[in-house]
């Protein structure tokens, strides 16, 4: 299955990329998407995650075609 | 001494006058100004009073040249 | 800081634009602006209202509003305050009052704006006389007091 | 109800005037309008800031703001809501965000406006990167949370 991964703001700069396409062979979670896309084992608690533009927790299931985004605390307004 | 008395809004309409000049011979209070100017013994608790454009209580002393105003609860805004 | 009473139609956006153009000394300091605009509704206490006459006590109304602004300035860190209140004959949809507060921070701008509106309604000598759809008139009896009303 | 993200300069008074002209269906119903405008300051955490880049997540930012508006509409009786947020390059004194709430009653207009601003700051995917006077840049780490902050 194919998953689109996006990074924003400071995280985007630190990782040196804003998006990537990930191929996974089985059912996966947000945490696994993070590990595969960044090669970092831990998802820091201050990194927020969204699947298809909705906030989710790290154990949220990810399906074929989903867009998964990771970003630091928001600072708008 | 000479005191200017002013009435506003519903009170002005009920009394049929917006202002009058009152002559008093001695030290007087807001309540006495009310009694002399309206010929009503009681100053209802929902009638507000001001001396020289500052809110005061009924026992506030009134001096020569003061402007005393009476009006109903305010309803601006 | 400015308070004013006007018998001319109140145009909030124009008023704000004009006022803000004088605020060059505040350049870069303002983080939060809060604005309240009170507008005449065509219904009050379940009765249709066709027009409204707003009476005030010239001199005392302005003095009272200035005192309220001073209280707000003493209580919060504010950069500027503007209050404009209509008097005279109003029709439904006409703006009645404009309260604008400029501050570095939003918590203070929100709190001061709410304070000014509640105090204005409780203390400023202004009175509304409504004309109903049957041509009868009535004085509005009393503003609902305090912070917990919903008027 | 409208939310929008814009990379063009935000002109609050013009935005409000244009938006309100479409509100003919609300004629006579609005009693209270509350507006919040957030503006870029030239100092943050005691350091001079010369410009700011606002990044967002196209699609999610708008969806998030729409959800917040829906929550506000579910919670209070509101007649209309407008939110406009700037992205891109900003200079001090530039408006960042505009939140406007129209209601019959002021308590609801004040409460909903405050709620929307707090939730926007806590949840909307937007990020600020500041350029300091020494040309260094820094990401703003975190908005102060909740109703008790003073930012």
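As written, the chain order gives the labels A, B, C and D, with residue 1 at the start of each chain.
FYI, a contact is a pair of C-beta atoms (placed from the backbone, for glycine too) under 8 Å apart; a residue touches a chain by one contact, two chains touch by 3 or more.
Note that the coordinates shown come from a computational prediction; the quantities given were computed from them, not determined experimentally.
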Labels of chains that are neighbours to chain B and to chain C: none
Centre-to-centre distance between chain D and chain B (centres being mean Cα positions), rounded to whole Å: 48
Gap in Å, rounded to a whole number, between the CA centres of chain B and chain A: 72
Interchain centroid distance [CA atoms averaged], chain A/chain D, Å: 26
Set of chain C residues in contact with two or more other chains: 38, 117
Chain B residues counted as touching two or more neighbouring chains: none
Touching pairs among all chains present in the structure: A-D, B-C, C-D
Contacting residues of chain D [partner chain A, same complex]: 38, 54-57, 59-61, 63-64, 85, 96-97, 117, 120-129, 139-143
Touch list for chain B against partner chain C, complex: 6, 8-10, 46, 48, 50, 53-55, 69, 71-77
Contact set on chain D toward chain C in their complex: 13-14, 16-17, 27-43, 92-93, 104-110, 113-114, 117, 147-151
